[in-house]
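One structure is given below, encoded as structure tokens.
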Amino acid sequence: MKQLSEKLLEELVEDSLPYASEGKVRPVIPYYDETKKDILGVTIWTGDHCYHAGEQGMYVPMQSTAKIVTLMLALNDFGKDRVFEMVGMEPMGDFFNSISQLEKHNIDKPFNPMVNAGAIATSALIKGGNVEERFERYMDFMKKITGNPDLVMSEDVYKAEQANGARNRSLAYFMQSTGAMIMDPEEALDFYFRTNAVMMCTDDFARVGYFLANGGREPETNKRLIPPDHLRTVKSIMLTSGMYNSSGQFAVEAGFPLKSGVSGTIIGAVPGRMGIGIVAPAIDNKGNSTAGGALVKSLSQALNLNMFGVTDSEL
Amino acid sequence: MKQLSEKLLEELVEDSLPYASEGKVRPVIPYYDETKKDILGVTIWTGDHCYHAGEQGMYVPMQSTAKIVTLMLALNDFGKDRVFEMVGMEPMGDFFNSISQLEKHNIDKPFNPMVNAGAIATSALIKGGNVEERFERYMDFMKKITGNPDLVMSEDVYKAEQANGARNRSLAYFMQSTGAMIMDPEEALDFYFRTNAVMMCTDDFARVGYFLANGGREPETNKRLIPPDHLRTVKSIMLTSGMYNSSGQFAVEAGFPLKSGVSGTIIGAVPGRMGIGIVAPAIDNKGNSTAGGALVKSLSQALNLNMFGVTDSEL
Amino acid sequence: MKQLSEKLLEELVEDSLPYASEGKVRPVIPYYDETKKDILGVTIWTGDHCYHAGEQGMYVPMQSTAKIVTLMLALNDFGKDRVFEMVGMEPMGDFFNSISQLEKHNIDKPFNPMVNAGAIATSALIKGGNVEERFERYMDFMKKITGNPDLVMSEDVYKAEQANGARNRSLAYFMQSTGAMIMDPEEALDFYFRTNAVMMCTDDFARVGYFLANGGREPETNKRLIPPDHLRTVKSIMLTSGMYNSSGQFAVEAGFPLKSGVSGTIIGAVPGRMGIGIVAPAIDNKGNSTAGGALVKSLSQALNLNMFGVTDSEL
Amino acid sequence: MKQLSEKLLEELVEDSLPYASEGKVRPVIPYYDETKKDILGVTIWTGDHCYHAGEQGMYVPMQSTAKIVTLMLALNDFGKDRVFEMVGMEPMGDFFNSISQLEKHNIDKPFNPMVNAGAIATSALIKGGNVEERFERYMDFMKKITGNPDLVMSEDVYKAEQANGARNRSLAYFMQSTGAMIMDPEEALDFYFRTNAVMMCTDDFARVGYFLANGGREPETNKRLIPPDHLRTVKSIMLTSGMYNSSGQFAVEAGFPLKSGVSGTIIGAVPGRMGIGIVAPAIDNKGNSTAGGALVKSLSQALNLNMFGVTDSEL
């Protein structure tokens, strides 16, 4: 086990960057093209120190990393019982936008809040009189947990999400047909698309990870924003489903809660230790950043972050 | 957080036992019938103390709890890379004997070693000149890790497994047709059926859990039988897939590595702390003991065993 | 083989009516409730004679029987090659609103024009500047082929289709996501919902069947409205897919082109001989009228209508 | 509509042969390799005249064309009700060896007797004390309906079927697990593999087609071997499912009962008119001969064989 330092981080970034060539940049995201392919940036926040390496300051949309924030807010708004009446906790065993798993199992709720169907269902569980109010509450929460009052949604990304939202619409209306969608699907989708379009940099992503890893406290005030029980729930589900249908492999090779987005971002939460924010736009066919995934695994090994790893008492 | 004691354990057993009425005893297992329904027994082994509550000394077949032992032995025999060439690490999102997930994804290997297809594939990765030799090595390993030299396979259970093995044969031949089965399917199945038929009591199950939780050491000699890296792999996969398609829920509500069997047994491994062995024959439609599952969850809460729970530094 | 007469028809209706008790009336259709359950009416039109039995003059929505008219119009508008670029010809092997068959086979077009997905895709292949124009052309065609200038769409049924259209929307957006939907999905759905809401009685349904069975000629003028090649295509697809996932059974037991709708209607086209129109609202879980289906089979037997039956030369 | 002659047949063969290059010869069939790719032979038997074109006298295994003979024999042995208790009549909407359609629909019987699962289930419905007796009865029936007393099974093909039978074994054991297989699966498979290995040439295939098309009479004696009702059933199912998951397309483009085999053979039965036997080893990914399929379609068009085509009364 090595000591965390910017030098170490830079070495790991250098070793991971070549994996970017195995992925593809998702072209439907505005400003995303092949020029963004060979980029990898990381921030680690330990509560008293911030470590950086690689590309810094690039703002990218949250995409599916927003799913964990929506889940936290829904848990705060409606409580665990109500939320999991509407969405399951199980890994899906299929691609993030699968609809056949819903039909096959004839279920009245999507598999879990980390896949598209489940996150759209969760989006219907945020309090507010209309989508603007709901999303304003989401942004307030985001600003608090990141400590960044300047976060904004990109109108361009939001429009692109709307324009390319056919598969998500299909999921939403499918859920309406089974009773799993308790709101006008278009309104739930509108909220969902907006959350995907919030722009963040590695520092912000790392802050979200740290919030989860460290008791759900607002950085400024140290005030608890979400009870520990909800944090525990979110982190468990991140471990079993946060990296789509590579979650099992990441549980083995990284071994701590992670959530990825198709913008090539990854949020990591190492319980009691650190938050990790990564941006590396090239993704594999399952939706996970290739270079970012490699970095997460090498970080876990170098810093002994794997929760299933050998404890002191076992040595 | 409470202190572990036999008194506490008895209270939790008493609270969990009523859940037995929600399950069914699997009739194809010899000696299993409705008279076994209202039974719940547990052993916890912490390395220096053994706690018991409920029914003790009843010997039941390992069934799917054998899958974790087969995986350990395969990792020792062929190494991680070779094993995971032949079997995946991903939760399946379906019932333990699903075949359509294999066909749909057109994959050349089963989802993970905790479901039937994956365990049959892993059964082909145990060294030995024939099935007798392979199984003798398995029994030697079992006796060492439990510290119980008297373990035996039940001929009756083995015969019942053979007689009721149609679905498992279907899985094995399907894998042969895709190239995922590298041995005569009947020979792999023979090994698989034998491992399912090894008879154990809660003490033995607890010892297997402790072996996983505590560095993979032989109880007698404290000699390491399996490298820590392999233990880590097994425990991660138990967390994401050990409770079949309720694994996600158990990751949230219990939060440590578990493996269940349709005989109503559960093995728990709380890293660095304890091994748990449970026998409670009534199972739900996913294959998990209903009373045993309730006990695991209440134990986790009472003793703060959840790995995703709030750490001291978060309080 | 018996001689067709109203007396015979009345006997067959009487024998078939009891099957109504095995079905259920679809409650989301306006005015449809259990009081409509024990109804069975039939018209047979042979070109020179019209036979009636059972309930007459009840107007019910076309529902899925509209799919064959939409297909005829699309073939006329865009030709066979273009139409079957966008929709397949294969039986689906699943319920009429299945979405998983689309995802599993990763296809860029729905299975066939007789199931919901395929009919929605076909609805995008009707010429016209907007949905009103398209639907006006549809109604003109309907009036011509039935010889009934008074046909109208029910606003109530149309509104109910819109209100209960979640599953169809899901299918339409799924197809948009794969490129199988070349129009704004809402516009294609709007056309689709309208066609489902056209109100007809058994006489009208029989006229549509006769049009298909007898060269595609306008009854008034004997003018050919659709080329024989297109009729052949429509009738073949009716035989293999017109009765949803009971089509195989009806090919055996009835043996001529049929199309059913969830309003409990069936259109039959016996090549060169007759058109059959049936209304019997109680349907089975596959969407076919139970009493109507029984009547179709007994008609086939009594009048030797089965195309696979023994020909004179075989006797 | 043209007049059938050997000259016409030779022209159509010449036009169809180029489609062979789009297919692949199935290498697991003994003696089948790329040298067999550019072969196309056809026999048409009308009861009083035999027409030939292309390659003649090449003996190839029946493969799946045997499925229609097994079905006829099962119908004779157990009757329609009993046979269709064990196997369905519906097109499957999937590849011929699909297993997921069985699991998804949780059915206790396979879709139809023309796909592998269904034919294996039907193989369990042939009377006889053991597999040798059953197969002897099959061969007797084959010799009668072809009028060819010299038909034999190829030991090499039979051994190859056994050796490459993993997927079929998987299907058979799956059915055993659901109760759809009433015999030792290995015995049903043994019969199934033998039927696939019977060697025939285009003349023999044409005779089977003619038998179906012309009242089920033994050529020598004109004695009826199977009642007309069973013939009707077989022909209907051939039309809806005989060309695997291209059956819908062949119903449109050819429009009469057909059955294909992966040896590149096709049997056609034009009711009351003719039997067609085709050998053209190169097959597409659905299992149908490419050149053979093209020939069937052009024959239908040239000779007006399409049962859904315009009748005289329509002109």
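So that you can tell them apart, the chains are marked A, B, C and D in the order they are listed, and the count of residues begins at 1 in each.
The rule we apply is simple: a contact is a pair of C-beta atoms (placed from the backbone, for glycine too) under 8 Å apart; a residue touches a chain by one contact, two chains touch by 3 or more.
Owing to the predicted nature of the structure, the values given are computational and were not obtained by experimental measurement.
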Contact distance in steps, from chain A to chain C: 1
Chain at maximum distance from chain D, centres defined as averaged CA atoms: A
Approximate Å spacing (C-alpha centroids) for the pair chain A, chain D: 54
Where chain A and chain B are represented by their mean Cα positions, the distance between them in whole Å: 31
Contacts with 2+ other chains: residues of chain C: 100, 104
Contacting chain pairs - touch in the sense defined above: A-B, A-C, B-D, C-D
For the chain A and chain B complex, residues of the former touching the latter: 88-94, 100-101, 104-105, 111-112, 213-215, 228, 231-233, 235-237, 239-241, 245-249, 251-252, 255, 257, 271-273, 306-315
In the complex with chain A, residue positions of chain C that touch it: 98-100, 103-104, 166-167, 169-174, 176-177, 185
